[in-house]
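Next come two complexes built around chain A: one with chain B, the other with chain C.
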Partner chain A sequence: MDKIELKNLLFLARIGAKEEDYPKIIEKLKTTFGMIDQMNELDLDHLEPLNNPLELTNVSRTDSEHNRNNKKEFLASSPKSDENFFVVPRIVE
Partner chain B sequence: MAQDNTLVNGWQPVIGLEVHVQLTTNTKLFSPSRNQFGEEANTLVDLIDLGLPGVLPVLNEGAIKQGIKFGLATNAEIAETMVFDRKNYFYPDLPKGYQITQLHYPIVKNGRVSIEDKEVRIHQAHLEEDAGKSIHDIYEDESVIDLNRSGVPLLEIVSEPDIRSAEEAVRYLKKIHQIVTYLDISDGNMSQGSLRCDANVSIMRPDDKEYGTRAEIKNINSFRFVEKAINYEIKRQIKVLESGGKVEQETRLYDAIKDETRSMRTKEFANDYRYFPCPDLVPFSISDKLTQEVQANMGELPEQKQARLVEAYGLSEYDAGVICGDKLTADFYEAVVKNANPELTAKWIIGDLNALINKNDVNLSDSKITAENFSQLIQKISDNTISGKIAKEVLEEIWESGEDVAKVIEGKGLQQISDKSELEAIVDQIINDNPSQVTAYKSGKDKLFGFFVGQAMKATQGKANPGLINQILKSKLN
Partner chain C sequence: MNFKDIRESFRNKEISAKELTQDSLDKAKKLSNLNAFISTFDKDALKKAQHIDNNFNDYKVLALGGVPIAHKDIFCTKGRRTTCASKILENFTPPYESTVTSNCHQAGSIMIGKTNMDEFAMGSSNETSFFGPVINPWGDSLVPGGSSGGSAACVAADITSLATGTDTGGSIRQPAALCGITGLKPTYGLVSRWGMIAFCSSMDQAGPFARDAFGCAALLDAMASYDAKDSTSAKRDKVKYEDALRNDFGKLKIGVLKGIDQLGISEEVLKAYDNSKIVLEKLGHTFVELDFSELSSGICSYYVIAPAECSSNLSRFDGVKFGHRSDSSNISDLYLQTRSEGFGEEVRKRILIGTYVLSAGFYDAYYRKAQKVRRMMKSKFDEFFKTVDLVFLPTTLDQAFEMNRKSSDPNRMYKEDLLTIPANLAGLPAISFPNGLANKLPIGAQFVGNYFSEDLLLNITHKIQEVSDWHKIIP
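After this line comes the complex of A and B, so read on.
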């Protein structure tokens, strides 16, 4: 892990950090990556990937409507809204 | 690999399509909110669609069945077990910060569809949730979000890169459109976003072993734009390569107004989605029993419907094929022929009605033509109330106004004149007024017969019964 990788990681997670704190963060992350490296040493080729630790499958519901909308309350709980919409910073591609 | 007829300036285009189909379930993929287009903003939203902490998504069985249906219709493998993954990215219309989708264990794999003489393989089709909708034209400096679409079930159908031209891409997309509308798993309405398409486009020399670098064109929402966007992109890549440049692997947007694709720079370095299995959803095993149940309720596919129309109504293969080209037209046909002559109905749908649809570039379902009214029109032709020529006029009128056929005919006095003595009087008048033509005809100029028919039609403003006029003219002139 170097500074460029960390910058990318911070960008992907939308986390802000001061450049002077980078060495400290890199040190901390190294322990995490060390653990991942250790796990990577295990030979798991003969095993099916585990997709969920619960011994449970086929949780589903019938396709029937159950309205739990509360537009006013939902809009009010966001940082900014008007009568009809959630209002967010300008995003145009 | 090389197919010379699809080469462009010596380059072979290689195209794969990703088609997003909004499913017609009653509710969303993971929440019980209603799945419907065009409702008041933010009124079809659940705590789950908002992605509030602590809520748990629960999989909709309706969406599973629709996915299986598509797999069966495309001769694909249905997954024994499917798994949902999280695709992580930040965008304001994605409140959770991830989209739930299927990466490694999709519901459908290895399908295929035929487009005329060619087969296009389907790599996979997977279930995923749609995002909300961003709207940019309400405020000057800010955007707004409508989450009604958030969580709507999508089936993303990914083709192999088997397509070699923009025209083939359109044919493939039309086939997918036909299949999903016949299966009734989507309304196929492209202008409302029910069926959207991304195109992966690259070019190579015919003898190259490896594909070129591809660009992905996002969110193309009409058949016409698919063709234009791909053709533009092929030409752009040829220009880049022939001037010594390199095609970048990137996402591009098609601008229909300028007819060009352009780079979406904001996403250039954000293409790290960090997929992992969604811990909120457990794997789902699809039993043979479930697949059989879906199979039993498949409904009619286009080819089956075509064969039935040939059998039941005596239509030609060609006519039945045109009528079954899209489900709307096929359903319309069957509603009309309940009360009207099947062959005449086919002729009028394929000819004049289709011409109006194409000329106005609208869906039959968005027009003012109803099966009931159209059926009346065909009946009026069958029983000689109006001639074919007048029927065209009536059809144009009901296309514009939606007015009842009988009222149009009556209101405009368009009934065919089948009164023999009335027509005889008109023919006598024509014979009196045109002595030189009569003499010429009698001396052997048979072609002049058409002249007399024309005069009779002119005198009756096209309302004379053509069969009767022919008969009277023959008896009086010979």
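After this line comes the complex of A and C, so read on.
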């Protein structure tokens, strides 16, 4: 992994980092991938990937009507809101 | 006092719920140096205790009636702060209650507080918490294990007799072993994940901590339920785990691993393990040697799948709808700065690993391959359970270690989970219990069972604890 790859990765993950810290981050990631790469020694061609240990399929709930108005409760958890909306910095110029 | 004695004393009116609660709150304060709690709720707890005492006849019949409990701060509690030990949720008060805590409230327990943990359950030493590390009650400079370190320390120090935890790669069993108590990771799907802050959804599973299997059985009775709000909840007939402690499962065939002494396990842990095998033999059980040479590849698979799911699950923390928000004049910087300020180093690292292994070009090389290793692990256990009833192995490679000793070497820290991760990858239940003491520190061993065999796991641990005293030793 080089600095450009890391910069892209940080952007994808929406994580900020100072450029001076890039070598340290790359080193740490390389160490972990060094461990992970031991998987390459295994013969896995004949195996199907496993997503979920119980191999469950999607469960859907029955459609039911309810009149639950908990807007206020959820807006109360927001760092910034007005009466009806979450407030964020201007998106459209 | 252990859970059984506490409940008995309450039921016999020898002690009131209020006295029990006050005692737990006093101990929590006295032992605040352990940093086991992120929040305590003195007033609410005493109010509930008073309510229970006023309605004694309704509560004396409940599984956890009148018993103080501590919950890992990963479970959302309505109207009470839930932080997941992260700065990003430092001031978050959920508008809803998790199914686990709700079930425990309904079973008559009294929540005295929320326990410290590794940030977002990512860690094996409780050193990644934004609220500082938890200290192991067995030694001031020792880690309690993680990620449910606060819950384990709380029970080990006798602050409460019960606590909840979650286990994604060993986060109940490893701290149970390092703190000298009993902890159970149930089958994936047995306990609802609703309201439990997600780290790795396909492996996260909540479970009980107690001094012994009896306490774990009673708490699991309360925690386990089918929940339509969790799409991976298992719909099954309700089992009474406490009653199952009295069952006779007969003579069991127990699987032990060939070449276990080649895995880097300490001499002390191996000695305790061998001693436990003697106890099991005396109880009439027999051993079958199993070849599990693939065991160590579990770590590789786990450290791809868990970060992948973590990067997806933690994308919801953007500073808009809840949690910490940084002051930024545009939305892009708001996301970036909020997440950089709000997440600790280990969490940021795992998000980066997860984003990398899920990105185009690397998906097949990492994520898909890790899922195949996961299949291999599950197939291996499926094969084992054709010939044995249980698999028996140590819980950890070593005993509680010094703070900062492994945090500077992440791969060494990740290896902490070597013996616990396979059960998580396969979704199997496993129980860790104290089975020795060396250098004045506890040691743990674990049984891994087939799917939904918690009754058997609790039963055999209970039988061992009837003829041994390791679980009774308090630091």
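One rule holds for everything that comes next: the second predicted complex is superposed on the first by the 77 of 93 C-alpha atoms of A that agree within 3 Å, B and C clash if a C-alpha of one lies under 4 Å from a C-alpha of the other, contacts with A are read in each partner's own complex, and residues count from 1 in each chain.
Everything below uses one rule, namely that a contact is a pair of C-beta atoms (placed from the backbone, for glycine too) under 8 Å apart; a residue touches a chain by one contact, two chains touch by 3 or more.
Predicted model only: the values in this text are computed from it and were never measured.
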Touching partner for A:Lys28 - first (chain B), second (chain C), both, neither: second
Partner chain(s) touched by A:Ile15 [first = chain B, second = chain C, both, neither]: second
Which superposed partner A:Ile4 touches (first chain B, second chain C, both, neither): neither
Which of chain B and chain C A:Lys71 touches, first, second, both or neither: first
First, second, both or neither for A:Arg61, with chain B first and chain C second: both
Which superposed partner A:Asp82 touches (first chain B, second chain C, both, neither): first
Which partner, chain B or chain C, touches more chain A residues: C
Which superposed partner A:Gln38 touches (first chain B, second chain C, both, neither): second
Footprint overlap on chain A, comparing chain B with chain C: 12, 14, 49, 51-52, 54, 56, 58-59, 61, 74, 80, 86, 88-91
Residue ranges of chain A touching chain C (in the complex, touch as defined): 9-10, 12-17, 25, 28-29, 31-40, 42, 44, 47-54, 56, 58-59, 61, 70, 73-74, 76-80, 86, 88-91
Parts of chain C lying in touch with chain A, wherever the complex brings them together: 92-95, 188-189, 202-203, 228, 231-232, 234, 294, 296-297, 299-301, 303-304, 311, 315, 318-325, 328-331, 334-337, 339-340, 343, 348-349, 351-356, 359, 366, 368-376, 378-379, 410-411, 414, 425-428, 451
Chain B-touching residues of chain A, taken from the complex the two chains share: 8, 11-12, 14, 49, 51-52, 54, 56-69, 71, 74-75, 80, 82, 84-93
Partner chain A, residues of chain B touching it in the complex: 25-27, 32-34, 40-47, 50, 58-64, 81, 83, 88, 90-92, 104-105, 134-136, 138-139, 141-147, 253, 264, 266-267, 269-270, 272, 274, 277, 279, 281-285
